[in-house]
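Note that chain A is present in both complexes that follow, paired respectively with chain B and with chain C.
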Partner chain A sequence: MDDTILKVENLNVVFNTKYGCAKAVNQANFSLKKGQKLGLVGESGSGKSVISKSIIRLLASPPAQISGKILLEGQNLLELSEKKMEVYRGNKISMIFQEPMVCLNPLFTIGNQMMEVLIKHEKITKKEAKSRSIEMLRTVEIPSPETRMKQYPFELSGGMRQRIMIAMSLLCHPEVLIADEPTTALDVTIQAQIIDLLNNLNRDFGTSIIMITHDLGVIAEMVDTVAVMYCGNIVEKAPVADIFDTPKHPYTEGLLNSIPSMEDSGKDLEAIEGSVPSLYDLPKGCPFRNRCKYVRKVCEYHIPPTVDLGGRSVSCFQYTDQWEVKE
Partner chain B sequence: MENQNEVLIEVRHLKKWFPVDGFFNKEKKYVKAVEDVGLKIKKGETLGIVGESGCGKSTLARVITRLLEPTEGEIFFKGEDITKLPPEKMRQMRKHMQMVFQDPYASLNPRMRVRDILSEPFVIHGICSEKEARTKAAELLELVGLGKESAKKFPHEFSGGQRQRICIARALAVKPDIILCDECVSALDVSIQAQIINLLVKLQKDFSIAIVFISHDLRIVQHISTNVAVMYLGQVVETAAKEELFKNPKHPYTKALLSAVPISKPGMERNRIIMHGEIPSPINRPAGCGFSTRCSLADDVCRQVYPARYLVGKEHFCCCYKVGGEIVNE
Partner chain C sequence: MGMAKYLGKRFIQSIIAVFGITIIVFIVLNIAGDPVKLMLPDTASYQEIEEMRQKMGYNDPLIVQYLRFLGNALRGDFGTSYKYNEPALQIVLERIPATVTLAVSSMMIALVIGIPAGMISAVKRNSITDTVIRSLALLGQCVPAFWLGIMMMLLFAVKLKWLPTSGFDTWSSLLMPSLTLGVFTAATITRMLRSSMIEILGKEYIDVAKAKGLGRYVIIIKHAFKNALSSVMTVIGLQFSSLLGGAVITETVFAWPGIGRLLVQSIENSDFMVVEIIVIFMAFAIVIINFIVDILYCLINPRIKLQ
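Right after this comes the complex of A and B.
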């Protein structure tokens, strides 16, 4: 267990708003090993981005109330002062976002923005910073990096900007990279390029990656381990092959059945009935029970416990003793 | 069904150019969004149009329904040229062709109740009185799987998937021959996407409507379509029946596009063709084939000569001279 680099323990995030109290993340537990690629999947509003933003401490608090532990190499990030956190951010842990246009400053050149990262974090001259930035742009396969350094974000395409974001986040060789839907805004052919790039970086530098996405296809291509989220709860956690071959949680099963596969078409899709409940108004008991086809009486009263199934875990009463109790 | 082969819409040499007015540049430039497109849509079929963003899929749909005026070319609806119809006649024509848009949040008037939204088409096309329209609106709601009580509600009270159901109900109201769905499930979550796709498939079977399904998601297009057209840089580069296109793609772009689709099972073997570079700007199209800048097969002829349309199989057309075949002139 020594190679665990990031450990999230009992993470809870609650938003107190004028509409009520929304539990965006409920008792999340997971850990990330060195060089591991973890995927967080779920539909919109399931709390994926909230988890990632709490890890890197970009969630404004208040309104968010964060409790639990986020241990990066044993250090609880939630206890750090903002100044100390700034040292961690970029150096140890960094993040890429969904929309590369919004995340780059339109008023500064690419070179300027990249060099700023290095100068801020390391004692380094401008000249060195420049050569290292160019080096990094070359690593992410950007053609003619010297010219790109002088360009502004608007002069580049979406895929190119996402590469720049990746280059920037890797400048100080962080151990953990959080990728929050990095390919959602991109076309499939460009998406394939970016996935390839992230896989290569993981192989070459041993960077651990947390991949957040709603696309199970991306998950299948990239990650080792998957955590499926629904309404703020991690409902299932397993190695990627197990998730696709033998999904245990009814939601995972439904999610897999809703994607049309390239192999057999023509059949009706098995959609999950109903829609995601609002976080302000979650049903009592299991949050998925209103849409679950296996629902039983036990599901109505308690939130299902997380059951360890050896190498994987699932939060569903089906795998507990309470399931067989006479109704 | 003998009318299965009846051509509903035929598009010939369709072009849509948007002028770009530079402040300083004297020379007039155009965004060539749709370049010389020819298509046939048969009765009751589902034509999937795929392509990356900016390839002109949506513009094509809007030009076919003449929400945008074509720059050149002809559109025939049941053999009648609708390109030059005066606005009033065109409005009546739209009774037969309806659209469902991508963003269900933007395409429903937030100040109208659902029953008013759904009875408006009946009133506009003078199909029945307002009172009858109300009852028909309730029937429509039932048809798309929403309860009667929804009639009184406003659009903001619905989720994205439910709103898209309302949009589909509105399109169905006038009993159209064809519905053009422009990325109609892209804004929805996966589990909701499946619901809407199932609904569309069911409705199409029940009413034998033709559907033009525009999407960038190849998996969904493969699921729903009978025929597929692949677009690149304003051009339809390949059209074929679904099975044929997915099993036996001819155009280098189609091949690369298919290989880029994320697999549905981890550890599956496949040969991925990684395309380098990005789509050129539709303002500065390459002189010859639009794909020549990214194509691994491209030679000097590709870069200079605009590719013709070749017949490469049964109803399988491909615009690539490297692939060859019999030249078609239509």
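Right after this comes the complex of A and C.
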């Protein structure tokens, strides 16, 4: 038996709005092994948050129309009733969010908000829930956890609240933790601490992590595998070292070139030409073709297929037979 | 002890407000003129009017008159009603139970209808249920009390003979006036709660609560409603104090012996002492209710409690 925990197959998410039809996620495929850390990278609007919210089923539907399969230990989450889904959320699969300052309910104590997770998912007394919450706060390196339990969110800093969110999401030892840009709203030193913490928890509990970010630095420090997203498509998927050493997709290449480096100081920063097209008005063919420096005729008419390159995959005509055809 | 300090401050502010109100009431009534002419027959000579004025103290400096008024008021003496020739305070006190009963029962009706309606409307936003509730709420705010009162009277009292048209003795006579008043307040609460709930349901911590696997009702009632309530509470307080101020039209339609009707009658009769007490009572009611709202607000919101 393989140790795949989560498998996303042909996931499509379409938003039908009054402005038109936006394809936020297009035929996404990826899988996550036990203990694996997967990074979803892409710019704003590339669909990475939509994927994460589809997995834990937080997207309001309608307007979102979700199709495909999201298999958690073989169970398709998209088929579950809302009531059954509750059993999975916070228990087998949990999520931490971007803005720790607004993620905790201002009217309840930290203890109250942590204990309710355990009380919902496990047959447990209040006293046990309390001691386990305190234990988990200690695990995420929060000083004097007993005092924190009685405090309200407004009494704590952003970094502290993100630690509490992490503690809360790990209370029931979930199989998968989705981290939706958990360090974006924090300053750099706290960012590093949170990444260390997530790495440690991944090692100690064996929790698989889906790390969503636009920060390639975070990716380099954290994940094993990277999926690069552009306009709702996963354009490249590879082990983290390969992505940085030998990017295959022109978009990935562009992204890496636009990271400022020490050696290049004094030179102009490279950027990808053009801007992201609107999801309501995607170009026909490859969504990246308007900005791609290698673009050929074939890119204009067909969506590039996903090519398996052995341990990694990429969606680009460069790696297909069609590229050979001379124009 | 942030809460005690905060409430102490609010309490002192309330006392100052009450004093301010007595001064304003006193000055306004003085501008309106003294009632000496009303107390004497039309044929009274200038000499007689002047003597009466002197005797009643209306020729003293305003500040002396105010302090005398205040001193008497503190001893529970608000003077005599010119119309009924009885202690004015007693006349008002006799009417207060009717007004309080009506205010409390209308508020109960308003809360029982308004809170669930507002919540359902917000949770099922843009559904048919929501549209129906919103239309009814709009209607409830627009329908004038005199029309609603009379229509209910025609239907339930005259046609169906289920309820008495007026009276003050049984719960059945309380029902129609309470509904007339309650419908408006219920509509106001519904609309406020709906918009407040919608705002809260869009907050990140609601997504977090969902991601934690909490049930729908826990999310709506524990996480959303408690937050929404703190902003709706102010409106509930304001509505309740205005109900306590008496409802002139409803009281008139149902011949309800409350202070609203007494106030209008006393203004018509220039029965200043009675007017004075009612205005002070209304002001008191508003100040006290605001103070209670502050206490509740403190209890709900830990931020005030602790800072």
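Keep this in mind: the second predicted complex is superposed on the first by the 323 of 327 C-alpha atoms of A that agree within 3 Å, B and C clash if a C-alpha of one lies under 4 Å from a C-alpha of the other, contacts with A are read in each partner's own complex, and residues count from 1 in each chain.
Going forward, a residue touches a chain if its C-beta (ideal position, glycine included) is under 8 Å from a C-beta of that chain, and two chains touch if they have at least 3 such contacts.
Please read these numbers as outputs of a predicted model, since none were measured by experiment.
*Asks:* Following the superposition defined at the top, how do chain B and chain C come out on chain A, clash or fit?
*Replies:* fit
*Asks:* Touching A:Pro283, do we find chain B (first), chain C (second), both, or neither?
*Replies:* neither
*Asks:* Check whether A:Ser44 is in contact with chain B, with chain C, with both or with neither, and answer first, second, both or neither.
*Replies:* first
*Asks:* In the superposed arrangement, does A:Ser261 touch chain B (first), chain C (second), both or neither?
*Replies:* first
*Asks:* More residues of chain A are touched by which partner: chain B or chain C?
*Replies:* Residues of chain A touched, chain B against chain C: more for B.
*Asks:* Who does A:Leu107 touch here: chain B (first), chain C (second), both, or neither?
*Replies:* second
*Asks:* Check the residue A:Pro305 against both partner chains and state whether it touches chain B (first), chain C (second), both, or neither.
*Replies:* neither
*Asks:* Of the partners chain B and chain C, which touch A:Gly68 in the superposed model: first, second, both, neither?
*Replies:* neither
*Asks:* Could you tell me how near the closest CA atoms of chain B and chain C get once both structures are overlaid on the shared chain, in Å?
*Replies:* 8
*Asks:* Per the contact definition, I'd like the list of chain A residues that touch chain B in the complex.
*Replies:* 43-44, 157, 159-160, 187-193, 195-196, 214-221, 240-241, 244, 254-255, 257-263, 265-266, 268-273, 275-276
*Asks:* Per the contact definition, I'd like the list of chain C residues that touch chain A in the complex.
*Replies:* 203-205, 207-216, 218, 222-223, 226-227, 230, 300-303, 306
*Asks:* Can you list the residues on chain B that touch chain A in the complex?
*Replies:* 52-53, 159, 161-162, 189-195, 197-198, 201, 216, 218-220, 222-224, 242, 246, 256-257, 259-268, 272, 274-275, 278
*Asks:* Taking the complex as given, what residues does chain A use to touch chain C?
*Replies:* 56, 58, 82, 86-91, 94-95, 97, 99, 102-109, 116-117, 120-121, 152, 154-155, 165, 168-169
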